[in-house]
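Given below, in the form of structure tokens, are the structures.
Shared chain: chain A. Partners: chain B in the first complex, chain C in the second.
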Partner chain A sequence: MNKSFVQRKWHGLIKLSKDPLLLSVIVVLTLALILFIIYPLLKVCIVSFQVDGRFSVKNFTSVMTYSNGYYMKALWNSLWMGAATAVIGTFIAYIFAFSLTRANIRGQKFFNLIATIPIISPPFIGALAVVMLFGRNGFVSSTILGMDNANAYGPKGLLFAQILTFFPVAYITLRGVLESISPTLEDAAMDLGGSRFTIFRKVTLPLSIPGIASSVLVLFVESLADFGNPLVLAGAQFPILSVQAYLEITGMGNFARGSALAFILLVPSVSAYMLQKYWVSKKQYVTVTGKPTQSSNTMVSNRARWALFALCCLIASLIILVYASIVWGAFAKSWGNSALLTLDNFRYVFRVGFESVLDTMVIAGLSTPIAGVLGMVIAFLVVRKKFFGRRFMEFSSMLSFAVPGTVVGIGYILAFNHSPFYLTGTLAILMFNFIFRYLPVGVQGGVAVLSQIDPSIEEAAIDLGAGSTTTFRKVTLPLMIPAFFSALIYSFVRSMTAISAAIFLVSARWKLMTVQIMSQVESGRIGSAAAFSLILVAIILVAMAAIKLFLRLKYHTNSSILTR
Partner chain B sequence: MSVTLVNVTKIFTDQDDKSKEFTAVNNVNIEIREGEMVTFLGPSGCGKTTTLRIISGFEQQTKGDVYIDGQLVNDLPANKRNSSMVFQSYAIFPHLTVAQNIGFGLELKGFKKSEIKVEVDKIMQTMGLSALGNRQPSQLSGGQQQRVALARAIVNKPRVLLFDEPLSNLDAKLRDQMRTEIRRIQQKFGITSIYVTHDQNEAMTVSDRIMVMDKGVIQQLGTPFEIYSRPVNHFVADFIGRANFFTGTVTSLNEQVTIAINKREFTFPTFNKDIKMGKRATIVIRPEGLHITRQSPEAFFNGTVKEAVYLGATMEYEIEVKGRSEPVVAISYNPVLEGFYKVGDEVGLTFEPISAHVIS
Partner chain C sequence: MKKTLLLLLVVLMVLAPLVAQGSKEDGSAAKELVVYASVDEANAVKILDAFTKDSGIKTSFVQLSSGPALTRIQAESGRPQADVWLGAPSDNHVTAKVDGLTVPYKGAAFEALGAEFKDPDGYWRGFYMNPLCFGVNTTSLAKRGAAVPKSWADLLKPEYKGLIQVPTPQASGTATTMIYSLIEIMGEDEAFTYMAKLNANVQTYTSSGTGPSKGVNVGDAAIGIQFSPAFFQMKANGQPVEIVFPTEGFGFEFPAASILKGAKNYEAAKIFMDWLVSKRGQDVLKATGTYFYPVIADAEIDPVMPAFSTLDVVGVDLAYYSSRKTELVERWVSQVLSAKK
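Now for the complex of A and B:
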């Protein structure tokens, strides 16, 4: 009665071959995932462990001893910067999320909006703002405090920028977790005689621990992978791994050592990701997807409510300060030296950078819908179909969450720089990069939606005579619409603001706005960088509004896209 | 249209540990006749839903054959079998209106819009849904959703109608109402139907025949009367209704059977074929088959009232009898005439042989 492994797989294959369309979709997708996600990573590993075509750890010993342990310092800096960003960012995000879900403070919608703004801006906005606020000509350092020689570069500035950039990610996670904890539990605890603080300590906090752990790990991964902020702020005194790997490749052309650095960066990122995905997320007490419950008004005392409100105001005003400085900087004639307003920066951007604006929109506009559809199809296959390689498909399509963009960028130039896959400098390499890098959100969203849809809904369609394609088209896909559009928005935003991997892949033919902005920052043209960033954010906002409008007109839904 | 299962077996393998196997359906044979409504009844995990899903085509049996209307359908996928299922969760498409839901199957069959409208309107009228055609599923009550699911299944004129615990999400009163309704519709259209449930009352009211299952095996197949009054074994007797079991030794066996219970002999008119002289035998007496009297040496058993529950129309007693681990359950259907007994009263129990049934 016990069939052998081979027999069972063979049986499964026979069953699949009855549905040739399904089989070919699975095969093509699997090959694409191998080529554009796994193969570049393998290339990084191979190159880093190879000297003269043979296995060797020489690249790593060379990295360790390089310039008196400079790269070891970079590793150490990256790790503690990641840890600090993760812990402080999560702490702030928890206060914010708790205030908005439990304390019933005023202006919740406003605070929620403020906290989500950093998500749709390029990841180096924080760095730009730090320079503008606390740098040599900084608004706070120079104009207000009158310091002559302020230095925004180094660990403190970078930490500030990273927390600002990544705390919204933690906020969204923790808000979901807190919303899914039913306030009735707290009411019950209060009913049993607990004081407010005891309830928080004994009920709310323990229930949110898995969410907090998850958020810490996610921020750690994000901070390690961050490239834009450290490129602007880290400087030579405070080396950061992702930037050093980039400089090793583009500055010195040392692919072997660059790959070794990328590999070193990959290890903690992937470990933290695995820990989050396969351990912490399993400990979640309640699913994050539950419908928001009315917040309990009795949970927080009046005095505590005011304290939380003040804290939220403080955090929000910091964010506003950052964005106000970008806006102001874009219109300022000479930042820090003159209060005159001008459109010169925008004129400059349109003169030298208009091409990159168009390129960026073309690339993002083409890759976004493909990523969205692929995400839905993969989610569908992974949740609803049984086939050999299903787990591999799920794992590899989600892998981009774990892999820092720098590593991907290096992998792509290693993998696609020669035949049979010569793609360097083409539109295709940028598109493939964006499609497969921003696939995970679509997959994740699709999986979440599908796991909530009772399979009997699809069975009902089949029962009524629909084939598998008709069922997907007429029943499954319409139900996945919210997830699909969330995925669209996410991958559009990320494609527009991408830098870490893309910086390796741009060429004279295909330019990206983000890369142009970085070069403006590096050459000290802060004003035009700010103007450029503003245009970028404006494009994103317009695109989001268009999608939202389309959704409202076509599907009559008002699903909040950013907060899912 | 008949449905026939021949030696159907389903074995599931554990997803994580492929060596672990579980036999959900074990060698099931049944022939369901045209226009008949048969219920698969049993506790959860007994294999009844799996059997239903094998008939619908959602599960592939490991062994055995399924015939619908004489045609072997083993290799026919679910969408080609022309059976319609009413799902436990109703499975109403949330993105379609009521009318679109009901017309979904016809649309797939390529009916013209106007034809679909006629058919959908007709069935909505029969089901009392006429006013709800444009509603979204989220605006429907549980009972209305149930009707939509039923209408969606029936409008396709399926060869077989399959019900997968269709009433388990409704409240008690609505459940009673809907099961009568389902039976009425089924008889009106004369559709061969299979109904899965774990609720014995439901099974008793809707079925022509009941198939009682446990651990993947058919325990008994028969009319509601046979299942309740002539259970073939301990499991069936215990699962359907409440039952008191008494064990004794067979002392005489001719047209009737005499069994010595509690050192006294009782003669019963009906008995199981596998009963042997001198062997142990068990008899079943339903609570309503026992009469409560004052304690007397003539009584079948004497005991003490342990619990007495007044339910208005009836009075339910649990009576502790010396030497029995289980209390005896008795129901008095006319407590005003038969008298009320209190907890602690010493009482006697009697019964008519016709009320008793002998199992192995």
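Now for the complex of A and C:
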């Protein structure tokens, strides 16, 4: 058995060596993945397990004992904050997704749009809005409710901001899950005399359990990795691991302890990711029916429908309130003091930050297509070719999903700060970071599409007399293109809104808008932070509209992750 | 053929960032200056714009708090991405000098500067001063029905619970200045006991030294402890802000500037350093509305600011304290943050 394994690999190698070009592509990509994904992570591990050039766990014991267990408290806070965000966020998302797919409530398109808006938001928006709405002088807490001791800082404010930021991710997952469960199953159960609640309990809920578990784990990973919200809202009194790792490195210059903290952060997020990828996602149910899954769907009673409608309205109005407060903050003369409107904040942004607007567009604009194409190439190799290291290529290219940005940022400055890879302060380091950080989206999309395109479709075209070029151009390409552009939009959005890794990599020549926003937020210039955020959202919307228009004109499709 | 193209494409893409790197660097010709600014962003813009107007030298900057700036300069040692480090309390510049990250330069304006504001070897020069103070939003405080605090001791009163914003020494030089001067005023153990008690009234610790003033500005906090400029500015705008210099005494900062070793625009950096402490450069502090105190006697100050000589400031031995910084910050984290509310 062992021998045949070796033999198979050997034959694979022989076969590959006959195709040197393919071999070279594989080698180049594998080396790039090792250098830009594995090596920085390895650096974090090495630095955290090293004292004076020798292996040691001293950094970890010093982290554990630091200041009466301050960092242990940070670990505990991060973990329960992640768990709470995951559970509550998924719960709300499930209600929302259920209402939109099962309850047949009014205004479905509107609710769907509202629920997906937070995905294109710059970081800090949730945190800013929490301060503006629920702080001491907040619109809701002070102006409406007349409280004089509201406090937006600390666990409650942070939890609210994180749920708001991440619940759309859960919503999109759960909506997909609920849509794939055929309503005819529920109809059948109803015909057999089950009560509505029994049907929900015995049919709908059990079928959506894997989706719920998957969404909980994904949200847990996202919440652990979050940097923007805790930086503003957690403060020193409620330490959060990702922020403390950042402060330890940039504030105190202690790379060893910062790396140890990053390593500690890495463990739960990678575990949760593995659980999701290799266990939960294998348990997804798909209910297959031959006919279109139209249903008269009477599963939700009228009274329940109204209750769900009211709940959706409540959630939607909270989201609208958040964005309204950002718009208001951007145009208010002196937020909290005067209601006069002004363009001063935008003037300030263009004076101080215009360069960063251009830089951000250059960096995101250059790295997104590269990430997209490389992702497709990797997907192609992984799905259609057999070679030694194929699994490694798939695993390492997807790894960025699991690794918090803070850890990646620390890894990059440790790995690329001296020869032979001296890259700090350059455009290159930012581009490498973005390309390899958002590669997984392209790979995932590409794999999904390629494994769905049955070769028989292409064969059919050939049988009908089309040449192989025509087949590729008229059949394969149009099938792949929408997924490619979906990936492109997603990685563009993520590049534009990234902060946690990028904060370590920006320089005087290459600035990012998100980092500028952070500098505004840190020194409390709320108006200009809000103005910056609006400009960022506008750029993203224009880019998305452009890509969609292009798709519609050229390929007559509409597909995009945000409208599906 | 197709595959050769594919290979070429992949290799190009993996290497593209390296190719892209060169393009922007070429633009950085002679008359340019790149600055790491640990001065508040809005004020960095004012000072650098005035310099550009006077000298015709184009400037660009990255705003970084003192800690992150020092870390980055250490990380880039010998190959700095900037020419000048502008701002950050002078003890940071002492560290940079000791670590060999900066180069000495004197010039005429430097010689004229008071000895307390400069490094005898010419490595760094202070270019403005700011006292610590309490900025009080009187509208917010009136809502609570509390009186304006006059002293450090007053701040412990229960009526100020949840009203005070202070920067954290984990990231901010303002906060370490506060700790050092409280130790001078009260003694070390008493200072920490005091800050642990104060913790009960603190709403949040901001990561930026100018964070509290913005909280006070929008009424998110009623009292902010930090350096005075932002509060003077609010007062000059006619906002309901009172500036309190605590009766027990208070620390002050005199941020400095250094030229980084390996600066690409060394000539421009020298011109900038001369300009910074010249009469012209010091008058800019008032003319552009920074509300900083100048370091030379004959420069002008804004009428809302009391003369610096009338203030009861406490000086500290920065070399001594900065050598103990890590230890003091750790004590702050363990003793102050974990104090019962």
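Criterion: the second predicted complex is superposed on the first by the 517 of 564 C-alpha atoms of A that agree within 3 Å, B and C clash if a C-alpha of one lies under 4 Å from a C-alpha of the other, contacts with A are read in each partner's own complex, and residues count from 1 in each chain.
FYI, a contact is a pair of C-beta atoms (placed from the backbone, for glycine too) under 8 Å apart; a residue touches a chain by one contact, two chains touch by 3 or more.
A quick note: this is a predicted structure, and the numbers were derived from the prediction, not measured.
Contact with chain B, but none with chain C, is seen for A:Gly467 once the two complexes are overlaid on the shared chain.
Which of chain B and chain C touches more residues of chain A: that partner is C. Judged by the touch definition given at the top, the superposed model places A:Leu479 against chain B, while chain C stays out of reach. Legend: residue contacts after superposition of the two complexes on their common chain; A:Arg509 is shown touching chain C, with no touch to chain B. When the shared chain is aligned, chain C comes close enough to touch A:Leu366, but chain B does not. When the shared chain is aligned, chain C comes close enough to touch A:Thr426, but chain B does not.
Applying the stated contact rule after C-alpha superposition, one finds that A:Gly253 touches chain C and leaves chain B untouched.
When both complexes are overlaid on chain A, the residue A:Asn302 reaches neither chain B nor chain C. Residues of chain C touching chain A in their complex: 3-4, 6-7, 9-11, 13-14, 16-18, 20-21, 24-25, 28, 34-36, 40-42, 45, 60-63, 65, 67-68, 70-72, 74-76, 79, 81-82, 140, 143-144, 162-163, 168, 170-171, 199, 202-208, 210-215, 217-222, 239, 326, 329-331, 333-334, 337-338.
Residues 1-3, 5, 8, 454, 456-457, 459-467, 470, 475, 478-479 of chain A are the ones touching chain B in the complex.
Residues of chain B touching chain A in their complex: 11, 13, 18-19, 21, 56, 58, 77-80, 82-85, 87-89, 91-95, 104-105, 108-109, 152, 156.
Those residues of chain A whose C-beta lies close enough to touch chain C in the complex are 19, 21-22, 24-25, 28-29, 32, 66-68, 70, 131, 135-138, 142, 148-149, 151-154, 231, 235-237, 247, 249-254, 334-337, 348, 351-352, 355, 366-367, 370, 373-374, 377, 413, 417, 422, 424-429, 431-432, 435, 506-511, 519-520, 522-526.
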